[in-house]
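Paired with subunit B in one complex and with subunit C in the other, subunit A is shared by the two complexes that follow.
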Partner chain A sequence: MPKLKIDLEVNNRKMSKETDAHKRLLDFLRDDLNLTGTKEGCGAGECGTCSVFVDGKLVKSCLMPVAKASGSKIQTIEGLSDPGTLTPMQRAFHKTGASQCGYCIPGMVMAATSALRENPKADIEEIKERLGGNICRCTGYTKIFEAVELAKAVIAGDMPEEALNEDDVGDSYIGHNVRRLDAPSKVSGRLRYAADMKMHDMLQMQVLRSPHPHAKIISIDTSEAEAMDGVVCVITSNDVPEQTDGFGVFVHDQPIMARGKVRHVGEAVAAVAAEDLVTARKALAKIRVVYEELPGVYDPEEAMKKGAAVVHDYAPDNIVKHIPVRKGDVNAGFANADLILEDDFSTQQVEHAYLEPEAGIAYVDADDVVVVISPSQNITHHRHMLSHILGLPINKVRFIMSPVGGGFGGKEDMIYQGMLAVVAMKTHRPVQLNFTREESIIASAKRHPSRVHYKMGLKWNGEITAIQFGMISDGGAYGMSSEGVMRKAAILSCGPYEVHNLSVDTTAVYTNNTPSGAFRTFGGMQAQFATESMMDMAAEALEMDPFEIRRINMMKIGSRTHTQHKLTAASLDRCLDAAEKESRWENGPPNVRGSKRSDLGGDDTRAPCTLGARFKNGKSTDKERVA
Partner chain B sequence: MERKLRGRGMAASWYGIARTATIDRAGAWAELDDGGTAKIVTGVTEIGEGILTLLAQVAADELGIKPSEVTIGDNDTARSPEAAHAGATRQTYMIGNSVHLAAREAKKHLFEQLAEHWGVEIETLQSFDGEVWANDTNLRITMEEAVAICKGRGVVPVGSASFTAHGTGLDPVDGSGSPWQTYVFGTQVAEVEVDTYTGEVQVLGIWAVHDVGRAINPRGVEGQIEGGVVQGLGQALMEDYETVNGHTTTHGFAKYILPTSLDIPQINCTLVEDHDPLSPLGAKGIGEPALVPTAPAIMNAIYDAIGVRMKSLPATPEKILQALKSKTPGREQYVQEARAQRAQSHRG
Partner chain C sequence: MLTCDTYHMPTTLRDALELWSEAPEGSRLVSGATDILPWAREGRAGDVHIPSLIDVTRVAEFKGYSVANGRVRLGANTVYQDFLTDGVLRRTLPCMPFCAIWFADDQIREQATLAGNLANASPVADGTPAVAALNGTVELARLEDSEIKTRQFVVSDFILGPGRTVLQPGEIITSVSLDSAAGYGGSFQKVGQRRSLVISVACCAALVRADNTGCSFDDLRLALGGVGPRPMRLNAVESRLRGERISRRTIYAAAQLAADEVASRSRQEYRRSVVIGFVKAGIEEALENQSDVDVKFEETEHA
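Let's turn to the complex of A and B:
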């Protein structure tokens, strides 16, 4: 590999280093200097997790070739303060709870630090604008804004430094804002996620992924790749016992690597383990796979039709799971209705977009235990599945959950840990796999998209007499959590209302799209989006306030749920009352009152965003104005 | 029509706590350690929500030490007891209660020894913030001393516990069953501004009210609600993973649009604390339920502002403009029909 020599200053230390010419500043900091507080989130300058200072300016280090950094002064998160101490900004993040998973936080602290360095008097609009290049998926940014404003006040001397201390807890630790114990390690960049970990003699893995949505695998020739200098092994489904291969949260329909055919674009077909990342990547190009493309199916309703391409042989109708819920007499309920509303709703596939792409390490320890370290949300189940697949006693498989840089359900599927374990067992060397953002997006599950057909019957007084609810969801190529998502969607479907007559069906369907899986609410939001839209439409049709129609139908203590579970506790009345009061809600039906409302605006809303706040105070640089 | 129009909408929601339609369980071990510190070991903890801190609070409160004196060993299938998985809004409920019960047992062993040592009734013993005392006496020592006394009598104060939530499976025909033992409810109100030239929607305010049972760490709960609301906002207005014949067209964050700091409404959280009667802590959960009502509240607010009902998410500027363009004057047909029918029925 071509080398180059660079001279630069990093965190106040001058250095002269030889490094690989292809590296980005991000790689140089992380791999050569072990400064892993600077994270890689997207590799494309979109997310800001890799933000550092270059000659005092905030820069996304994934966009800067290391050669360009030669001669510069670099400051990383590790250089903001002495080891074991925190800057006022970092302390403010700690105090306010501004870090959750923590993966975006070093970059966010750098951006926030930059904001106040550029303008110590920046107002909230300017602060928001200066943080605009940094994505956080956990916090909703609100506590981050609070932290930057607190730090600003302390730095300016408008508030005492004690404002950064922990709140007093009084006589109990329950019900008080104890500061997050993990925040110091997150705001300082000290916490090591799986991609930040290194082990002696560790191999790097890369994965060959399917370019086709549905194709038969005729042959895989790995010989040329295996012959390459630096390649230690190449694995395919031939390296996994066929009888036991298969994982999934409810149905074990997904092989560790594609077996016989591929079912979605991005599915793992083979994996290379090599002495270094570049060699592993080059070796992927030497693997020859012959595919025979098959007709695909890309729409769940098409997939249920006779003659549609079959994704899994065990499910010739392509149905992953159908969940029915029945209560009362739905026909009688509609017959008794004064008004029947009928409509259709749909929601899209959604990416979890945790800032930490999937990453993991596997090794075989001194007791012949296969150890997998990864940000898995379900180490318990993964251990069960992997021990079964590999034919090992359960105490010979050990899963360790590394710090999770955001999960939201997206890290419940064992989509790469099996490959790591197979290589570790084959080579008896530690092996690491770090996904790119693009790889994470095509290989990991999404939120189920939904199509809901809804029919609701009501009396003129607002009482719901019957609901018919049908939801069809694209489960994509593998079962993953589809069954559970359909179950939860069905149970919650008709919302927090006591409905005496209902008929609910939720169905997930196999297609050759990116799989759908677990995602925060597990089907609950898709179903309730439809219900809450219908409730608003019903309120308008009946000329009722939307709170009122909900109170008429809400579940109370003693109500029977849609699955006929008798409730011994219910708090919707309190929630509705509080929301109405706190929002200063103006009573009235949803009949496009809009700007005629008296309750708009106020201290509990923000001003609409109009770009350019950072230029208003005359503090911006010429360079910024041009940008 | 004015260019920028505002409106408000609301939505209610409900959710179940812990695993669905099955028995859920979680185990934990506790030890009061030298120096008056504690070790807590459990299978699965932090994925960013703050559960580590919450567990330290729960253990500290039960044992009578500070949260910073609690060390948590976790997330290792070979070194910690099973606590199942990190999801399903189950961490506070399942693992929180499990840790609470394990800590209670460790303290019981300590107090048994101390009561004998002091010659007092065990019921008179109390501990908080690193001190142990017997009510109505002058007996008061540090937890460090208490642990030393206990160990000097030959006993290591340890405890273990398993917490169970009793959900039942659904009937395969009519779906009947008790999928959770505990439910939460919520309500959110949204205020939006719609630019009728560009179709862009800005959410200016969210009022989020959620029953959390009991807020162990209110700021942590708010953080969960704020994060959930913004994920709901993203799904409502911009996020869209698209595929064409199985190939994604949204490969990275340049194409897959996420909420940034400029999209964030003022989020006003109100916590309702309807204690769970079926668990010692009384807390429920908030991770997932926080997201449920956001998108419908925003869509209902868009309707209030501009009179078009967005039934297909996300409500992108393109879709809003299209809906405005194809909107028939006046309100939608069904409303007029309903009003006419209702008027007739009242006359009748």
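Let's turn to the complex of A and C:
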């Protein structure tokens, strides 16, 4: 590979290095200098996990060719403080609980540090603006902003340094601010996620993915790729023991690489392991796959019709799972109603977008144990499935859970660990696969898109007499967590309301769309969107206050849930009281409130983002730096 | 992934021109690199191998700016963050700070150059309407019999269409020259898929000067981006308002004229309604941002 010689200073150390000419500053820091506190979350300048200082200015190192850094002074997260110490900003992040998964945090600390270096007096709006290039998916930013304001006050001397110490918890942690044990490792960038780990003699893997949503694989020719210098092996489903190749959270319907046919765009078809990443990527382009496109099905309702394309032979009706719940007599309930409302609700596919793209390492140890290191949210289940797929006894398969840089349910599915294990077994060398952001989006499971048909019967006094709830969810090409999501959606379907007569059906359906899987609330969100919308519409129809209609129907101690569980504790009354008070709610039906509501806006509500806060904050940056 | 055979960082214009004119077919110039790296990824160009990358950000002649004869000459290495941090640029180019604050984020602005933004010739570039409002010209240099020759284009002639400019093989942008608009109020309107770190669907740059009394328009400069293949000056709106009494009704009436200029290939109806609001808000905000005159809107009406 063409080389480039660069001289630069990194974290106060002068160095002269030869590196690959095409590398970005990010690659140089991570691969050549092992400074892995700087992360790669997107590679496209969107997320800020790679923020570093170059000659005192914060930049995104994924957007900087390394040659541009030659002759510069670089400061990374590792260079902010001496080993064993933390800066006031890092201590403030620790104090306020600003780090959760931690993957965005080194970049976020860098951006916060830059904000106060640029303007030590920046107010909260300017701080938000200056952190605008960095994304966090865990915190909702509030704790991060608290940390920056705390650090600002301490640095300016407005608060004593002791303010950064842990609060005294007295004799109970409850009700006190308790610091997270793992925060120092995250705010300092020292915690190594799977993509940050290195092993001696490690190969890099890249995956060839299907461009078709539904197609028969006629042939795969890997010979040209295998003949390339630096390519160590190319694997397809032929390299996996055939009888047992299937994984999934409930139904084991997914081969670790497409077998015979592909069922969605982005499905793994072949994988290359090579001495370096560039060679592995070049080899992908040399694999020849002949497909025969098949008719596909892309809508769950169409998929259930007779004659629709069949995604999996074992499920000729394309149904992944149907969960029915019945309670009381729904016909009698509707007959007893003064008012019947009926409507449809739909929700869309959603990507988890954890800041850490999928990554993993596999190797075979000296005792022939196949070891997989990955941010898996379900390592024990993965281990059991993989032992079947590899045809190995359970004591010869080991899973190590690396720090999870955000999962939200999206890392429950074993979509790449199997390929890593197969390569490790074939080569007896450690092998690593780091997804790109684009690959993470195309290959990982999504929140189920859902459609709910809702029918609700009510008395004039607001009491619900019956609910009929029918949900159709697009499960995509593989079962993954669909069954569990349908169970949860059914259990939570009609909300925290006591409904004596109900009929609930939730169904997940196979299509040739990207698979749906686990995602925070696990089906609850889709159901609650329908139920709570319906409650507001019922309040409007009955000219009632939306809090009142919820109080009339809420579950109390002694209520029976939709699945006949008798409650011995209930707190919805207190939740409603608190929400009503804190929102400064004005009593009345939802449709007669209009533009003069005084319960909108106010100091404690968040205004939409408008940029330009620094223009209002004096002339602190008014210097002529260019001429 | 972007790979290359060689990565050059020439330090003089002559070296840059020599490297560029002799570069193998398929080579590329690099300025801030904030667009070429995301371009070489899945979903856009995919993996790209480029024989020679010629990075012009170390070229001495491209550094800094000068102000003379009512024009500001920005060297090709002027980055977007300069419009926020440099006092002279903020005063002389009053719409540029507002354009810059909506452009990407603080970190990308440290690298991304105005010249590179113009060279990309994206129909939704934030820089083009602001440059058009400032009567911007682009200077290009090339080697002819080993002599450096230059030529100038006004920005709307420099850009031929989406991704296309008048740049010839071997030619490099050396500077962008803009009117000094000290004393004007500036503003920038932008809408995209979200608020922050986003590419425009449509945008509008405005420069407005009220007369000494604050009652009438002395001058206006308005330009739209994202509504056609090239940035567009709103000459009809400008001439309708020049010399007029400042009132919300007059501004609103003039803004309607802007809708007729929308010629984009997609979402035309949406863009038409957006530009009316943009022109109105753009003029009103620019009036507010004119620091030396207290603008008085004619009362008696409610727009």
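One rule holds in what follows: the second predicted complex is superposed on the first by the 602 of 627 C-alpha atoms of A that agree within 3 Å, B and C clash if a C-alpha of one lies under 4 Å from a C-alpha of the other, contacts with A are read in each partner's own complex, and residues count from 1 in each chain.
As a convention for this text, a residue touches a chain if its C-beta (ideal position, glycine included) is under 8 Å from a C-beta of that chain, and two chains touch if they have at least 3 such contacts.
Predicted model only: the values in this text are computed from it and were never measured.
Q: Is A:V278 contacted by the first partner subunit B, the second partner subunit C, both or neither?
A: Only subunit C; A:V278 stays clear of subunit B.
Q: First (subunit B), second (subunit C), both or neither: which does A:P2 touch?
A: second
Q: So, does A:K321 touch the first partner subunit B, the second partner subunit C, both, or neither?
A: neither
Q: Answer with first, second, both or neither: which of subunit B and subunit C does A:K261 touch in the superposed model?
A: The answer is neither, since A:K261 touches no partner chain.
Q: Can A:K286 be said to touch subunit B (first), subunit C (second), both, or neither?
A: neither
Q: Of subunit B and subunit C, which one touches more of subunit A's residues?
A: For subunit A, the partner with the higher number of touched residues is B.
Q: A:P608 contacts which: subunit B (first), subunit C (second), both, neither?
A: After superposition on chain A, A:P608 lies in contact with both partners, subunit B and subunit C.
Q: If you stack the two complexes on chain A, which partner ends up touching A:P213: first (subunit B), second (subunit C), both, or neither?
A: A:P213 sits against subunit B, while subunit C stays out of touch.
Q: Check the residue A:C62 against both partner chains and state whether it touches subunit B (first), subunit C (second), both, or neither.
A: Second partner only, subunit C.
Q: In the overlaid three-chain picture, which partner chain does A:A44 touch, first (subunit B) or second (subunit C), both, or neither?
A: Both subunit B and subunit C are touched by A:A44.
Q: Touching subunit B and also subunit C: which subunit A residues?
A: In subunit A, positions 44, 46, 129, 132-133, 438, 442, 608-609, 611 sit in both the subunit B and subunit C interfaces.
Q: Mind pulling up the subunit C residues that touch subunit A in the complex?
A: Its residues touching subunit A are 1-7, 9, 30, 32-34, 37-38, 41-43, 47, 53, 55, 57, 64-66, 78, 81-82, 84-90, 97-98, 101-102, 104-108, 110-111, 195-197.
Q: Mind listing the subunit A positions that touch subunit C in their complex?
A: Its residues touching subunit C are 1-2, 4, 21-22, 24, 43-46, 48, 51, 54, 57-60, 62-65, 67-68, 70, 111, 114, 118, 129-130, 132-133, 277-278, 281-282, 285, 436, 438-439, 442, 608-612, 614-615, 619, 621-627.
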